[in-house]
Amino acid sequence: MDYSIDELITVLMAREVTNTDVMIVGVATPCVWSAFTLAKVTHAPNAIFHYIMGNTFVYEARRVSLLWLENTAISRCHRIHNSGECTLELLPHDTLTTIEFFRPAQIDQYGNTNNTCIGSWDNPKVRLPGAAGIPDFSGFYSRGQSLYVTRHDRRTFVPSEKLFFRSGVGYVNGQMPVAGGAGPKFIITDLAYLDFDEKTKKMRIKTRHPGVSIEEIQEKTGFELIVPNKVPETKPPTDHELKMLREKVDPLAIRRLEVLTGKERDEHLQYVIENEIKMEKRVMERI
Amino acid sequence: MDYSIDELITVLMAREVTNTDVMIVGVATPCVWSAFTLAKVTHAPNAIFHYIMGNTFVYEARRVSLLWLENTAISRCHRIHNSGECTLELLPHDTLTTIEFFRPAQIDQYGNTNNTCIGSWDNPKVRLPGAAGIPDFSGFYSRGQSLYVTRHDRRTFVPSEKLFFRSGVGYVNGQMPVAGGAGPKFIITDLAYLDFDEKTKKMRIKTRHPGVSIEEIQEKTGFELIVPNKVPETKPPTDHELKMLREKVDPLAIRRLEVLTGKERDEHLQYVIENEIKMEKRVMERI
Amino acid sequence: MAINKIMSLKEAVSQYVEDGDLVGIGGLSFWRKPISAIREIIRQGKKNLGIVTFVGGLDVDLLAGANCINRVRASFVGMELFGLAPRYREAVESGKLKVIEETEASIALGLKAVYLRLPFMPLKGIIDTDILKVRDDIKEFVDPLKNERLVAVPPIKPDVAIIHVPYADEKGNGNIAGAVWIDDDLSKVAKKVIITCEKIVETEDIIRLPGKGQIPMQKVDAVVRVPFGAHPTSCYPFYTFDPIHIKNYMKINYDEYFNTFIKPENIGDYLEKVGGIKSILNIIT
Amino acid sequence: MAINKIMSLKEAVSQYVEDGDLVGIGGLSFWRKPISAIREIIRQGKKNLGIVTFVGGLDVDLLAGANCINRVRASFVGMELFGLAPRYREAVESGKLKVIEETEASIALGLKAVYLRLPFMPLKGIIDTDILKVRDDIKEFVDPLKNERLVAVPPIKPDVAIIHVPYADEKGNGNIAGAVWIDDDLSKVAKKVIITCEKIVETEDIIRLPGKGQIPMQKVDAVVRVPFGAHPTSCYPFYTFDPIHIKNYMKINYDEYFNTFIKPENIGDYLEKVGGIKSILNIIT
């Protein structure tokens, strides 16, 4: 089956989930939520959702939603905490939660990230939302940090000296994180699956997506990538993965809001809103 | 009306409670629980119970119990926390909880206390239960520490050099507590109401209980007490206080377990147990 | 004799929010934000407020647009999938609004430090970030037991906390049906607390509600009933955020927004402007 | 495919408790203590265990009497109004059992430190106590921000936590109906967790129970059903502690106690020895 880029990214993220994971569903990241839900209904039925929208653990999977996610996160949870417990206990802990995907506005060759500002901090061209909890947890995960970027370009992939603000810590100067975690593990983008060289801790192409050349990936990256002798093609989504994603997990394609821009995005947002405020659709389907 | 010593101590403690207090009910201190309950049903109707047995806030008053206090502490609570929140947040905080009575095994002239051991720490004659939370909270209370002792004698009231272990901090060397609280405020005993001299921070007789002489109090204290020119007699329990305490608050006189010893105590414990395991008495009366 | 803390929004804000205060705001981006109280703060023309909130969104943006605030402590400020927060951006980029860079843990620990009267709390997470370069009140130090690298973050003590909750009693017990976020900590450490609520219930009911009274009565100064008081943000389990209103908010001129939606004091008048019962039907769960 | 962690007490204790382990025990003095698991530990002759518990009582006393433990971390160990803990006293006074002096806050903070991988947590409360004289792993230091006097307490990481709960599901979610004390923290930071429970319910039921699953499934290794498994301590909301048994325990010779009450492996046999249904009628709520 044909697939779109949001579908590819979502499927690749889903494949990272294991059956014993506790999957951290953040706010406003429908690709991640879709990926976790897809994993849950395909190969990881015992995985647990940890919803930040709710501060809850939830065992069952429900359809992805823009407007009604509080219902999904809260009404059927089997544990509820507060953000103090979430932030200071569950998230940095290695067993209580296990997998989280971060999306940086900028990332350098060592996996250091910036979500704080474009331009200088005290006189920013664009004030971005901020670090959130990324530095609080990313250095802790023993299985490493999971990252994704929906538009692979030189504005996002920058050399260290062009990272405007280091709001998330990767391999600073090639070192392991102080907090004891395994450091950045991989980045899933619209062009490739990238990981980090074990020795130099620099970013490396692991697989290139179907139809994408190594040259294109390098060209759209603001620093030199490590290119192994063999760079296989990314295994594309299977028909089953696509079918589940489209029909069950995220039929309104809310995930697409993470990849679209401009007018197209605005129209899709309108489409999602209109569909979700329809009376008869407010109970989130259990899948 | 005549009254017993447990009744006097309980009434005096009750009088310390104000209408806006949050009263910390510890475990195995029925005098304190009786006192708080008495205050609640007499002059402090808006006071809130904070039960350690339950880690709960409770607004309504119930009869004091030995066996069924979990029911009282939990079934009707309007807030429930865990000990982490209780110990690290509510108790040291100045508004969330406000009054707690501690009973030391030893106390010196500066209000330093010992609940850890009799004899040297590494070769104790008697291993006592331990510091519990006394040092964690006592230095914080802005209204000061409230103390009580059911048997005023030279084994309990000792000079600083005979305090075997300082497990609770009073005015160390006459200084205010490091944690910022007001320090020991008063001690209610079976002989007197004692407080501390504002300047020297040494223990002082404030009132002597009816029939007790200053000489007797001093004689039963292992250090020199400050004796003001005027030491009035303690105002004895009123008929209303006694009636409420005996008939409503603690009809089985469970509080007496804190003052009795030996065979008398054993028999009273048996009496309380027998009465409380009776089927028809298991719902704690709301008062 | 009975405790009764119920008052009007006007009274509560004028009595408990002072110019220059550090105001703790509950909720998350556009979920259960005390927006009716924010509108009242704007109407009363409060100035030089500081904000501390776990994740800011419409709350911070409205206050930035109205020039009520000069500093913000938040781990994140944004309008989620609706975009960056427009007035917040403008205020920060023009230098009018100071951002005190925080993370989730630095805020959570800063609040926790207040309870035990600690001058700091230790943290590993933010070591090696640039946050340390722009926060001179955060210091790296060597821990006294194991010589590990650590960072010391200072306490955060709000002057007043403002929390919207679905249920409250007149004594000030507040029940949050959904996510609590840091609202319990904000209430517990703030010097004064205002809660706005959808419904006033009896203490008997608080006892029976899941989660009971997460906001403890002894900390609460004012209880204000404002049905749909979080609109256009959500209040679980009653309604979700109003996506149409928020989409509109992202485009509309601020003065027009002020005149149409902030000026009306009466919640009914406001809700009529928002679209009346048909808009409410869109968002109730 | 479905997760099922249910096993026998014998299996759970032999598989997850090793000689020398630091064992975290839930409950408080004689309230909701996992006594059936303690009896199993004694029967299996475990040695050199350390105990960490918020407040110790019958649990610590039984283990001290059986010579299973060589160190105890607790803020308090006693039998409440029934007296001092007799075997604990004897073991400490004879030098067989080492007390690591703790307070409520030093234990609570020690557990909290584990989450953020902190080498210490700061505390004011215990400054100027003699606890600092007998704990060389606690140090006074000067805080890096305000130069205040502080004390650094180290992390506490149990090898295994043992918690008795009224309700659990087969996945390992545990619900505590009454006071949680530090049992959630013990479970969350311990390397392995055994829960014993009164009743096995479905996850669907955990969702509906007040407090839901305070003990999170992902941390739990073994779920063991033992009705009256906390006896002679309490398990709210089902039964309170058995005052007659505890009074007897205070006087009886330990060997006799062992032979009569600890030896029987089967919970029914044990309860018959305790007095059977008439004793149970005394304590059910």
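When the chains are written out, they are named A, B, C and D in that same order, and each has its own residue count from 1.
The working rule: a residue touches a chain if its C-beta (ideal position, glycine included) is under 8 Å from a C-beta of that chain, and two chains touch if they have at least 3 such contacts.
For clarity, every value in this text was computed on a predicted model and none was experimentally measured.
Counting C-beta pairs in contact across B-D and across A-D shows that the higher total falls to B-D. Distance between chain A and chain C, defined via averaged C-alpha coordinates, is recorded as 27 Å.
The distance from the centre of chain B to the centre of chain C, with each centre set as the mean of the Cα atoms, comes to 40 Å. Contact with two or more other chains is made by residues 105, 112, 116-117, 123-125, 214 of chain D. Multi-chain contact residues of chain A (touching two or more other chains) are listed as 80, 88, 92, 140, 179-180. In terms of which chains touch, the assembly is arranged in some other way, matching none of the line, ring, star or all-to-all patterns. Shown are all chain pairs that touch, namely A-C, A-D, B-C, B-D, C-D. The residues of chain B lying in touch with chain C in their complex are 20, 22, 45-46, 48, 57, 59, 76-80, 88-90, 92-93, 95-96, 140, 179-180. Listing the residues of chain A that touch chain C in their complex gives 27-28, 30, 53-56, 66-68, 70-71, 73-75, 80, 82-84, 87-88, 92, 116, 121-137, 139-140, 165-169, 172, 177-180, 257-258, 269-270, 273, 276-277, 279, 282.
For chain C in complex with chain B, the residues that touch the partner chain are 1-3, 112, 114-117, 171, 173, 188-189, 203, 206-207, 212-214, 216-219.
Interface residues of chain D facing chain B in the complex, by the touch rule stated above, are 28-29, 31, 54-55, 74-78, 80-82, 84-85, 88-89, 92-93, 95, 99, 101-106, 108-109, 111-112, 123-131, 133-134, 149, 177-185, 211, 214, 234, 236-237, 240-241, 243-244, 247, 281-283, 285.
Listed in rising order, the residues of chain C touching chain D in the complex are 105, 116-125, 137, 139, 141, 143-146, 148, 150, 152, 154, 210.
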